[in-house]
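See below for the structure under consideration.
First chain written, first letter: the chains are A, B, C and D, and each begins at residue 1.
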């Protein structure tokens, strides 16, 4: 039995890199980790695995050769006038780079799942900036940690113990840290917080506004705001003002409810305001393990982090129009390639309806719901288990994921498959 | 010009401005290129053209017919002349336009008049989100001109707006006048929540209902009427100022009659 | 029929189940269950495990009801997934992001109805598979 | 492939060639004595200016803060884009261009080597990820050490050898090139919200002053024999009256110098040469700085010239960016990095009619003109802090023409003219001096023996500009100078033609240099396990995962350190 140390978990945006994985006969037999999602990932990744390229014939998915599948995807993309290349958050930066190159070559729109997680956060950043830090800064210094509209106990199970509220750092012990949760529900994280503030759905913006008023010593002409008594808001304002290093982690509770980018606008400007009082930083809790990487790669290659339209031969960014849900709901695209994501499970019904009404190809290690609906399915390796690759943690720290076991025979990585498609696309374009 | 068949993929309409078309013969216009999706196509593939061109953009009246829902950026950066669109139209109508007139006899999709600095856009139907906003990151919305929407508008009307006027005949969704820095928004119908959020200057007049007022606005007075571009609008109105968190001096004029649930704020009148 | 606010979100079970596969019992079970406050269940006259029909402006679906004290009164919580998506609209307010949280929803008991099988559901709504 | 560039006017200061008509022969990527004219491809560059490829030692082109600048400024790029064509990938430009565009635009200016001067060690995998994607040019990155806990603790405890071992380990582990110090101790203070760190003030909770820290790192640099001196961004950057700090800093290491090899490079000095007590009384002290540099061979500087227009400031100096944000109230990004450093990004528009900006503009040029030895003052805009690198030709024309300077001087506020010395300076750079300051001297101070000259054995990195140096008088024809330097007639990199008549015709991969340093084995054997032990407490990543493997670099070019020159 082989023991591999310091293994990165390709689970969530925390990208914990201290897991121990035990391998016997090219199989993962045991994982030392404190995280249920991580354990499930390493031990179950091989279940419900499709190892054959599939193609839809008479309504049924039938096995085919890799060559045939690549040919079909390439043709689909070359014939399309406005293909959408969507996904990218559960794969390596190496594959994402190939994706950008392919999107540029076929004149399509490339969008990643940011569009339905922290897209609004990016729009907020583009208006106001991003006073942030790496997670180690929180570990070393934070004496106030706020989780707003996020539930790390459920979505980032080790976040608190490894990076934020429950870890000992150079200048802080866990006992010296205060934890505040603001959410519409009493989440598992909220149950252990020093202060839980239950905000009415869709009224986070009002609550942040009230906080800003109190920080500026302005009077509020209300008894309660967003369902929260003004005294309780004052209590939170005082905690924020008086801490030495405050950290605001926020999640989809802010980006998905009414206000979206404006909620983030408010949260960022709140943190800017707080820096007049003390040191304060803000960070989105990114979900998929390499969605941050997708933003980074797209940004340095195209200038824009998501929703990039190459139809005119150069990158254009018009979120609200070139974002995946808008492209699909307006019926713009005439073909879709989905890589490392499952839009059928994640996007609203009407968007999925259009997705399934046009040619659809999927590259994914899993038999996802989208693969179940696709015309062509190409199985790929699991990055971080069967394949090396770069990934970016939620705070922008890049790390190299390891290869732990060999993939099933004949299965290529996302990057390799995309490269084959790209080559074939170039040949087909030349021939036209 | 009439669109032949509604396109399946988005068409770039930037070329469709009096500035671009003036001085060209019908044949030349038919041979102009644009993009349908990623394909370069001639206008003749998309449109049939009748009538005659003019040598001066300001004398040119371009009439577009048909289903233009997937045609975006029509009238982008135009400076003079007139475009009439008979039918529904796609996103970014009048993008960064500086002069002239666009009339849409149908619904317009999102981002009407993004970054416009002058001219008039009239939508005789509904309009989508972020009417009169600005390109991402510029922190500057519409700076001048007039946008009139007969029907309803989506969220974030007048986002970052700095000047000019937006008139809405129907209802406006959430965040009307968010981050507004100047200019005037008039809504004849109802508005959604977070009216005037983080505005620093400018004026918003609402004749219909307002679900609530943000805690960062203070009541100032009750006025019997107000003016929008010189037109007298009959009140009475609650007048709020804010957004206090931005040190703002924006003004909200809100119908007293339709918003009796705000009566409790009268207690704070000095 | 009672009016609620719909919230969708992540849950640990959904996260763990997802890793086990999107057709796994664990995942499907989790994403086809809606969590409602026990008091609200009483008002609906529904027991945990019973089926309820949820209807929004955008769609309608039958799910299993579960009692949860995390969900506060007046709200219904569904983990992200193919069932929740039926109830979500595509309006993005110019941001690219649909409203996944805070949507008005009507809930009513659905005796005699059952939670649709995932594959049948996909085929029924999105077609393509024969 | 063999080439012969015929009949050009060659300017090659290393080989003391000043506008001589001669041929340059190229074979297998190198400059050679001669080639067989019947086999070689002959390119006639008659009456054109031939120089070594440009070498930029300080330009923020890659890494996390650059990408923050790209990400939060869509308005910076949406009107300046490059369409995909031929070998060229698409991209966007202006002040924070995308990676492909960065490589192309540098090559079009005739630059072939560009160093990224600030990488947080923890985020250096990211920096290399971007450097790998920048085509054509050779590059490297400087890891930040000036606020590093291990460094501060070991210098405090007087354990210089251990500090050197740590620096050596880090440099080769993450594939860095030189010791970069930004606002020594000031970023650590900022992590507690403190925005001002003086040179002789104790760094909070570390019991050491920036003076001790800088001296320690200069000693370490010598012990390790790194090819480039300590590359320092001083305390109090951007603050009126800061010229005193700059002078103090340079003087603090004077006694450590040996021979005439510079031991300290002070970067973008324009931002650190201010007199006055506030922005209203801001004035130029470039003359005092220049005077010091003229008298003391142990320092070199680059200017950090300001260009009027819109750009993006970005630096590891987080507290400076916070202060700038409070002046401008626009967008602000800050990114503190655990244990090591921080970063801030703030967009700015330098305006000719703004008194402060006008003074800044004057100071940069004064520095370049008052420092007599072009081997010790280098032309930069601290891209993109003073302005985008694409504006270099404009800077060249100002340095080469008093008339060009006067055109701008006439249009800045009167008080800015009064409180600066630029109006009284008559000096004009020659092509020879320009070649020193933009390639020969920068290559030399970086320790790149194969760059910055056209002698036999040098890398065949060549720039040909369509201007006749014998006929054109830069003093009056400054517009021609600007035009010629904006679009190289020909850029050759490693013997391959990259730019032809201002257009990109090839886009090969460029090298990434790094220094393969080692401290004595017995010291490293003690220090590295100790670092590993403290790593768990300090960081949030595992020691093993901190490493950037050599295989990660698209074209790894390790450099051996020089002979150590003692403590």
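Basically, contacts are C-beta pairs under 8 Å (C-beta built on N, C-alpha and C of every residue); 3 or more make two chains touch, one makes a residue touch a chain.
Worth saying up front: this structure is predicted, and the values here are computed from it rather than measured.
Participant: Sort out for me whether A-D or B-C is joined by the greater number of C-beta contact pairs.
Facilitator: A-D
Participant: Which integer distance in Å separates the CA centroid of subunit A from that of subunit D?
Facilitator: Spacing between the chain centres: roughly 35 Å.
Participant: Subunit C to subunit D: how many Å between their CA centres?
Facilitator: Centre-to-centre distance between subunit C and subunit D: 56 Å.
Participant: Where the centres are mean C-alpha positions, what is the separation of subunit B from subunit D, in Å?
Facilitator: Here the centre of subunit D sits 46 Å away from the centre of subunit B.
Participant: Which subunit B residues touch at least two other chains?
Facilitator: In subunit B, 110-111, 129-130, 136-137, 139, 156, 174 touch at least two other chains.
Participant: So which stretches of subunit D touch two or more other chains?
Facilitator: Residues 72-74, 78, 331 of subunit D each touch two or more of the other chains.
Participant: Please list all residues of subunit A that touch 2 or more other chains.
Facilitator: Residues 123, 126-127, 202, 258, 310, 312-313, 317, 319-320 of subunit A touch two or more partner chains.
Participant: Edges wherever two chains touch, nodes for the chains themselves; is that graph a line, a ring, a star, complete, or other here?
Facilitator: Topology of the interface graph: other, matching no listed pattern.
Participant: In the complex of these two chains, what residues of subunit D are touching subunit A?
Facilitator: 62, 64, 66-68, 70-74, 77-78, 81-85, 89-92, 96-100, 122-123, 125-126, 129-130, 133, 149, 191-193, 205, 322, 325, 331-339, 342, 345-346, 537-545, 549, 552
Participant: Using the touch definition up top, name the residues of subunit B that touch subunit A in the complex.
Facilitator: Residues of subunit B touching subunit A: 8-10, 12, 35-39, 69-70, 72, 90-92, 109-111, 129-130, 136-137, 139, 156, 174-175, 178-179, 193-194, 197-198, 212, 214-216, 218-219, 243-245, 265, 268.
Participant: State the interface residues of subunit A toward subunit B in the complex, per the touch definition above.
Facilitator: Touch list, subunit A to subunit B: 80-82, 106-108, 123, 126-127, 202, 205-206, 209-210, 212-213, 216, 218, 220-222, 225, 258-259, 262, 265-266, 269, 310-313, 317-321, 330-334.
Participant: Residue numbers of subunit C touching subunit A in their complex, please.
Facilitator: Of all residues in subunit C, those touching subunit A are 5, 7-12, 15-17, 19-24, 58-59, 69-72, 75, 77, 80-82, 85-86, 88-90, 92-102, 118-119, 122, 125-130.
Participant: With touch defined as at the start, can you tell me which subunit B residues reach subunit D in the complex?
Facilitator: Against subunit D, subunit B makes touches at 135-139.
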